[in-house]
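Both of the next two complexes hold subunit A, though its partner changes from subunit B to subunit C.
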Partner chain A sequence: MSFLDQLIIHGPALLIALPLLGAFLTPLIGRVNDKLRNLFVIIILGITAILILLLAQEIFASGPITYVFGSTAPYVGKETVIRILFEIDALSIFMAMIGIILSFAAAIYSWAFMEKNTGLDKYYALLLLLTVGMLGMVLTGDMFNFFVFLEITSISSCALIAYYVNKAKSVEAGFKYIVVSTIGALFVLMAIALLYGQYDALNIAKLADSITFSFVDKIALVLLLAALAMKGGIVPMHMWLPDAYSRAPASVSLVLIGTTQAGLYGVFRVLFTLYGNVIELPTISMGWILVILGLLTMLVGVIMAMIQVDFKRLIAYGAVAELGYMFLGVGTCLTVLANPEVTLAQAPFAFEALKGGLFHVFNDALDVGLLFMVAGAVYYATKQTSLNSLGGLARNMKYTTVFFIIGLLAVSGVPPMNGFASKLLIYESTYQLNPILSIVAILASIMLLAIFVKVFHAAFLGPALPQFEKVKEVPKSMLIAMGIIAAFIVLFGLFPDLIVNTIVDPAANALIDNTGYLQWLTGGA
Partner chain B sequence: MIANIPYLAVVGLIVIGLSAVLFRKNIIKMIIGITLIEAGVNLFLITLGYREGSIAPIWTSSPGGVMAYPVPQALTLTSIVIGVAVTALMLSLAIHIYRHHGTLDVRKIGGDDQ
Partner chain C sequence: MIETFLQTFDTGNGFWNPLIWIIAFVVIFLIVVILRGFGNKTYKKNTGQTKAFLSGNQEYEKNQMHVKASNLYWGWIESMKWVIDGLKKMHTGNVSDYVFWFVVVMGILLLFVGLM
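And then the complex of A and B:
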């Protein structure tokens, strides 16, 4: 067996072990040399990214991977044995790709962006821990394990949001976030206990197989959805998100997008896999709840974004609006799945909507991530965050301006950027469910364009201001990080078919058809 | 009836904790509320694994008889450890908030944000 095969077989464990051990080595290496530490973090994340690519190749070729920690057989005699499963299907690896791209870009971006701050050893350790939590949430096949990784993500991201402890607002944002996310995580734990008490199992596949949708299951579903949608920043549970995103350092906001989407992954996994076998039972369709939440999220996001004057806070509300599109796409698919009179083959738009929703998860991470990095670059160069005091920056920061234009076009769904590709899929498919849905979606996109054009004018155009005469272009590491994300945006925009067919399509299939996820019950592993 | 008392205690703890988080204005009291919710959830997990007249689940020196279920105890232990970390982090943030504002009353903190 070659080294590469071994690497793929133990890939799931290494994906967690590598950044986790790296996180605790980082402060030690930081004692030796600062540059060495930065390089070490980037290399760790790079190796993790390569591992994810290897695993992705394996999964797209030959189906889900189950990795077992502990006993190899699920039962010895009649006793259940202690073991934890990692179940990685196309959706998990799809989310892992998003997470690692964002973390990798954030680590490169931090090199120059955070250089002048103190406490960087801890900063980098927390950044790696946050990555571990994010990857763990999407890779695990065990409910309690999911809770543990959820808490790792909460704790490390809270500490990073409150990184600027000398600023009162950052500390308040951090406190708000930890209160909200801890209560959410405790709700998740309560739901896990409710499910465990009934079915004597913590494994998602085992639970999905035996779930009956009793009254207690309904309570568990409500608790899980409320808590995970809160982690995902869906209106009306979005109030922590603008504070957290805008008060954290820009590189942290970038990774926070990944954690938000790990929360959304939880919502999708709960609805499609955990409750997948009983999806037709709810009398009030979960799909419509998701669609309505999606529409609300879009509208509240754009309306709140319009009145903001703080650069990062405005982008944060734009990010809230973008989250609505994913819920809209996935919810549209659920309405069809939950309707016993229509099969999926009769309504092909449902699958398109799901693909659009998932593709938009990836695109949103890239678009909003790029905008946050640009906002961070503007802050780095000018030390200003208010749009009222910015202006004429295109004269001195030409690369940053180009990146902002790319991000602006992508986030508001203008061709040929990637936002257009996924939004078009969502418009086309939701129109067939109800025309009003796509009208609201298009309206929100137009408003996003208007908002970001306003920002572009306020920050980059206009006469040269005397106080910004000495402003220089940001350092290379920040430009490289922005360049990586911008390259992905343009690539996805120019060849959407390639991306949709190779990675989005398997992920959407994995959600709809959960037999692959349940495979170990009937034989495998 | 007597067997249901732990469940009533769970509901009581969670309701008291939630109301403290929602209605108390002092940050320390909010943190106490969160630890109460946590205690409620932990108690729920432990109660799930308990069987009447059972003994601690230690295989090696078992005198025989019914054992309590070990998995919820393992889960609770993990949850307690996580809870300590979260509480410590929240208290350290409370210290920083106090340093900035000289008060822990949420009505006097913040303001100029929309």
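And then the complex of A and C:
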């Protein structure tokens, strides 16, 4: 067996072990040399990214991978033994790709952006721990393990949000985040306990196979959905998100997008896989609940973004609005799936809506991520976050301005950027469920364009302001990080067919085909 | 290989090809530039033609003319005040209220799922 085969076989474990080990080694290397530490973190994340690509290639070619930690058999006699499964299908690896791109770009961006700060050993260690939590959440096939990784992301995120300990508002945002996250995690744990009490199992596939939709199962579903939707920043439980995103360093905001989306992944996994066998319900579809929450999220997000004058807070509300599109797309699909009288073959738009929703998950991470990096670059150069204080920066920060224009067009869904391709899928498919849905979605997109044009005018256009006469372009590491994300945006925008067929389509199929998820289960409790 | 990249994106009910869109955009841009070339060249630099006319008032210094972010979309914000004020009230910044909304959503979901 070649080294490459060994890497692929043990890839799932290495994806967690490598950044975890890196997190604990980072402070030690930081004692030797700061630049060596920064380089070490980038290399660790780079290797993790390569591993994810190798696993992705294997999964897209041969199907899901199961990796067993602990006993090889689920039972010894009648006794349940300790074992945790990582069950990685196309959706898991799709989410892992998003997470690692954000973390990798954040590490490069941090090199110059965080240079003048102290406590960087802790910062980089936490950044790697956050990556571990994010990857673990999307790779695991075990409910309790999911909770553990959820907690790892919550604790590391909280510490990173409150990184500027000398700023009261950062500490306050960190405190709010940990309160909200802990309460959410508590309810997730309660739901897991309810399921474990009933079925004596923690494995997602095993539970999915056993769930009967009893009263206790219904309560567990509600607890899981509400808690994970709060973690995913869905309105009206989104209020922690603008606080956290705007007060954290820009590089952290970038990775926080990945953790938010890991929460959304949890919602999708619970609805499609865990409760996938029993979701055909006669009275009211969970899909409609997702659609309504999606519409609310879009509208509240754009209206609140319109009145913001703080650069990062405005982007954060824009990010909230973008989350609504994902819920709308996925909810539309679930609405059709939950209707026993209609099959997917009869309503092919449902699958297109799901593809649109998932494609938008990736696009949103890139688009909003780029905008946060631009906001960080503007702060780095001017030490200002209020849009009222900014102006004329396009004269001195030409590259940053170009990156902002790319982010602006992409997030607003303007052709030929990536945001347009995913939004087009969502508009067309939701129109067939109900035209009002796509009208609201298009309206929200127009408002997003108006909002970011306002930012462009306020920060980059206008006459040269005397206080910014000496402002210079940001250092190369920040430009490279922004360039990487911008390149992905352009690539996804110019070749949407290639991206959708290669990674989005398999992810959508993996979500819909929950029998596939159960079939490849080798057993586990 | 190149065909894979150039393939038109099938959206289920329509299609989208960004490369064709870009080519069309460039062609239209070129047509506009050519048409513009036929126009009269009446623009004269550093004359009264280039000065802003503010109802006869004196023009401010350039750096005082920048419209600030909070002044943009003033009319829209005024007309939507009834919605914005409601949303502002909802966004208290108090973490207890964040948890309150979580409990509200959980209650509504419980009601819906209970009906199933």
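Convention: the second predicted complex is superposed on the first by the 518 of 525 C-alpha atoms of A that agree within 3 Å, B and C clash if a C-alpha of one lies under 4 Å from a C-alpha of the other, contacts with A are read in each partner's own complex, and residues count from 1 in each chain.
Just so we're on the same page, a contact is a pair of C-beta atoms (placed from the backbone, for glycine too) under 8 Å apart; a residue touches a chain by one contact, two chains touch by 3 or more.
As the structure is a prediction and not an experimental result, all values here were calculated from the model.
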Clash-or-fit label for the pair subunit B, subunit C on subunit A: fit
First, second, both or neither for A:A56, with subunit B first and subunit C second: neither
Contacts of A:D243 with subunit B and subunit C, given as first, second, both or neither: both
Touching partner for A:L139 - first (subunit B), second (subunit C), both, neither: neither
Partner chain in contact with A:L225 - subunit B first, subunit C second, else both or neither: second
Which partner, subunit B or subunit C, touches more subunit A residues: C
Which of subunit B and subunit C A:H457 touches, first, second, both or neither: second
Touching partner for A:I155 - first (subunit B), second (subunit C), both, neither: first
Which of subunit B and subunit C A:L189 touches, first, second, both or neither: first
Which of subunit B and subunit C A:I307 touches, first, second, both or neither: both
Partner chain(s) touched by A:F175 [first = subunit B, second = subunit C, both, neither]: both
After superposition on chain A, the shortest CA separation from subunit B to subunit C (Å): 5
Common ground on subunit A, meaning residues reached by subunit C in one complex and by subunit B in the other: 175, 179, 183, 243, 304, 307
Subunit A - residues contacting subunit B, complex: 82, 144, 147-148, 151, 154-155, 158-159, 162, 165, 168-169, 171-172, 174-175, 178-179, 182-183, 186, 189-190, 193, 196-197, 202, 243, 304, 307-308
Residues of subunit B that touch subunit A when the two form their complex: 14, 18, 21, 27, 30, 34, 37-38, 41, 44-45, 48, 71-72, 75, 78-79, 82, 85-86, 89-90, 93-94, 96-97, 100-101, 109-110, 113-114
Touching residues (chain side subunit C, partner subunit A) in the complex: 4-5, 7-14, 16, 18-19, 21-22, 62-63, 65-70, 72-73, 76-77, 80, 83-84, 87-88, 90-91, 93, 95, 97-99, 101-102, 104-106, 109-110, 112-116
Touch list for subunit A against partner subunit C, complex: 175-176, 179-180, 183-184, 187, 213, 218-219, 221-223, 225-227, 229-230, 236-237, 239-240, 243, 281-284, 286, 289, 300, 303-304, 306-307, 309, 348-349, 351-352, 386-388, 390-392, 415-416, 420-421, 424-425, 428-429, 432, 450, 454-455, 457-459, 462-466, 493-498, 500
